[in-house]
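Encoded as structure tokens, the structure appears first; notes follow it.
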């Protein structure tokens, strides 16, 4: 059975194969478009699948971190041929194709298609583990020193999870399609295997939900800590104002160019007035203390 | 098989056709009403469908942006006739009718109805892509410079998504009705095709959910950034007040027309008191620094 | 077939009918209670239904607005009799009974019961349209001039929607019961019709969900606009304080009754000190500008 | 058929019955434990049910209010015996047992078990009505005068609803178990009745959801009113500061012991400076007015 | 039937058994990995299960509290052998193995596997009870004295619940797999038992949801109390400022070195001005009182 492996969807060889095996022009167009999403489309001649292998590459914004990146693999699996188009080459696709070659060589395209799908889904678990580690680190950081930078990372991971979830949901639908559609080249034996893969994707989706819960928890922690701090700042402001108020008001009164103020002529006036000011301040502080502000 | 194509629901030709083909007066009324929603209604003579093609037109509020706009197409598909009422004409309806004419001419109305429905659903993907692009741009803008204007756009897109979701939910129900209702003119072969269209609508709805998640993420980013800024403003206010407080309180005290203040008669009084003021300020700033305010 | 139409549940005629047709005392009690909820209860002699027609009446709190109001209709539908108890009379019940009389006179009670149910459900669409209009108006108002009064209306509509949703959910359950329960007097032909009504209720519930989404969107707009304004107020307060601080602190210092202050004896002292004050203010404003506060 | 009615689970009579009818020690332990949850457990000899009757008792925190309180009833229903253990006695259990004795005496234990279950579920409706009344009152209070005390009541009711929901969910599962498990002593006739009870519990759960929606609505009203008030307070603070600022700054400047200030020697200096101050204040207030602060 | 019990997954005995019973290398690798998650994998030779027993151990962060901790048990259950690998030994695993040995010795591995699974699930109830107690205590504490420390505990429990939920969801899936998969060594009799265990896990998951509701309720209580307090602090700040403002402004005016101020030369000037100041303060306080600020 021939297996054609192309590294570039714009390879003219693909047009040739399209003519030879009656590939649908829309599928060729899909394979060459920039932003395909995961899907499976099955006719009575062959099954066309777009899958999204994932691999970790360094995050350009934070060089010490890695981030999951998706590439694309297009598969045309007919009854007696297999065409795979890889764009661009990444560790996950290489692994998937090698496993298919090793475990399924010479066998039916259905088996090869299943092996590639299964390897790609297996790789998603490492992406989930990666997020687990980063979320753990963020949670500790938010408890120790909440800062807008850490918050930006929380939001960035939330976004990446939304993207991962989308790929997973589409992959789950693709698995369902492969199991149910009478047209797919997947035979009944491999439909059982695909059901297993479907279970894995369902478990991955559950993990993504758990991680979103954890991130929302972190976000709540951050927000309440900001609320608490604003509250603290307001209290300090009020306490400072309270300490200064009697001094400012009383000294203002004695600064007036008027006659008839008490102690005005006394040689110990400053002492008396100073004592009065301190008494007022202490009184105000006692009131604030009863209101449990510090 | 006759296909009547009307561009205006108020065309008297429609009344004539209604008499000829026994169209239900309620359906004629629906076709002429201003705000129909997507639906399918099937009797034993014909199936009546209201669909909502979408196209992008410039947004009157933001001329550089486009916004998805819905028009209406009413279809009466009988066993041996097809009536389409288009109001108003838009690129999406034109495309749908052309494809139906090209691929389904001379065939059964069921095929024509399916082709129109499928083309209309395909156009929804471009609306989704449009929102993807705008949401991407908004996310970047919210991180770089959160402003109420950008927020207004977030809310505007959320609203448009609610509208799009409603059309999609109704279209999904219409697809379900076409598949299941024994009365519809859709035969079993085309029911399979409609199921495919149903899957597309389900995928579109999932994309809308993802986009709403992304917008909520943006909204959270905006709100926490406002909280953070309010917190920062409060701190600056408090630090400013702290710097000024000793100067104001001490200068107030020395401004009193009283006798008995220390250094009152000293020729270097201002120096001593200035030094005292600076010491108090520095002390307060040290306290605030220990509380990690700047 | 006799049809007894009562306008008052406390009419002694009802007791007489109860004896004649073996109506269950609990059902009579239900018909006479003040706050029944929508339900269907079917025995082997007759089916008892409580329905809630809706009509628009002027809102006592806002005379220019209308608000959906529910009344009650109790129906006892036996194999060969129909009793309807209406309390109080409203346009929606009148319409429902007239349509039943016109389209179903002399026919089986199952048809009459279905016609009444269907007309009542149809009237819910006008309530939904009414909310659509009010929500549209509120959204515009919240963007133009958010005020607590508009917010109160948002919350009022949210509450009315919760009430409408409850009636709709119960009506949906009642439809389900009429379709499935082997005891109901609804025959298989009318079960198909009731399924249609069930679909309408499901669509109404979906509209209610959409409207709640729109109201939550409006609420978010309001809350972020309050957050933004609080942030603005704080900034203005801080900027004002900043402008005044140097004047207050420096003039305080020069107001002290001390010797040794610079320029104290200079004839242009006020000029120098004034210049110093303005410089300090400008410096502070530049700092705030760099922090992008205005 | 013997019916043993015990008022105390620690009655040694229970041990005697356990020996006589082969009751499982775990069930006896359950009946004697302090915090059982609602459940049904069925062996081939008998069905063991734990139910939670509800009754209203005065709330210790708010003597004018009542609050729903749960008690426990344990039922061992065998083929030819019934044991009920009541702890402690409450109006709801008394009513349930009386109805079972009146309507089901001498009959099969399945009927007695169903009658007790049905009466207990009926009593939940009064608890729901009670919450309806309290939530109505709270909503009015929150609109008229939002206060932390009313908020505490909102949270208290939310908590009680969470507890009620838990009991209802478990009761629903118990009903499902009685319908489906082939081991239960419930015969097919009574399984139909239990399905009716199941529907009631489902409706009760829907009411609880509606009430939680209403409470969340109230909570949102409260929170936005606090936000609004904070915003108002900030504005008043800023307006007050604005009114005082020119007076403080200008009077500070003229309080300096310096030479060269304008009007310093003029006999109408105070008049000129006073006029200047008032002009500055009015100017600032006009600026604030343009920003729509009052 | 041989039962091999290993306490260390790195025991070379495991490799020996793997050779003897054809255990899959991936399962051996799983048993030796650090972070396995709960799962069941069944081939036609044996069923491999990873379970997570829970036990309470003292919380290192809060020595007076306990926290649920998970360990791991790996089970290889063949037709005629059982291998259990425990890492590390904990009270819950010991209990599970003892019960299996006592109640199922000499029997079929299916029974032993079920007994271990059932005991482990039973232990989860104590973890739920533990959380119930802690949440109760936290709720009381949040009402009495809301503090960031209590809030940190709320978030910590939320996190632990997310972890527990994840284990429960995986355990539920494992139960489903044991019931449905035709390959598992669980026979039809024990599939019924496993369904019972599945119901327990479903009930546990429902309890976790209830607890999360309660924690969210607590969180809302905390957040509104912070909002309320911020509002109170702002009011106190404004009232304090209001009391001081007239004194500061008027005394500033009379501190000016200008001529022409009223009462300037009067011997009772201080009295008049003092009276004027008090009047202004009282007036402002009356205005604030009308705005219901204290």
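For clarity, chains are labelled A, B, C, D and E in written order, and residue numbers in each chain start from 1.
Operating definition for what follows: contacts are C-beta pairs under 8 Å (C-beta built on N, C-alpha and C of every residue); 3 or more make two chains touch, one makes a residue touch a chain.
Computed from a prediction, not measured in an experiment: that's the story for all the values here.
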>> Using the touch definition from the top, how many steps at minimum link chain D to chain E?
In response: 1
>> Between chain A and chain B, what distance separates the C-alpha centroids? Give it in angstrom.
In response: 22
> From the C-alpha centre of chain A to that of chain D, how far is it in Å?
Replying inline: 35
> In chain C, what residues contact two or more other chains?
Replying inline: 227, 230, 234, 237, 241, 248, 252, 255-257, 261, 264
> Chain adjacency by touch: line, ring, star, complete or other shape?
Replying inline: ring
>> Counting contacts the way the document defines them, list the chains around the ring, chain A then chain B and the rest.
In response: A, B, C, D, E
> Which residues, counting only chain C, touch chain B once they are in their complex?
Replying inline: 139, 143, 199, 203, 206-207, 210, 213-214, 217, 220-221, 224-225, 227-228, 230-231, 234-235, 237-238, 241-242, 245, 248-249, 252-253, 255-261, 264, 284, 288, 291, 293
> Where on chain A does chain B make contact in their complex?
Replying inline: 148, 151-152, 155, 158-159, 162, 165-166, 169-170, 173, 177, 219, 222-223, 226-227, 229-230, 233-234, 236-237, 240-241, 244, 247-248, 251-252, 254-257, 261, 263-264, 266-271, 273-274, 277
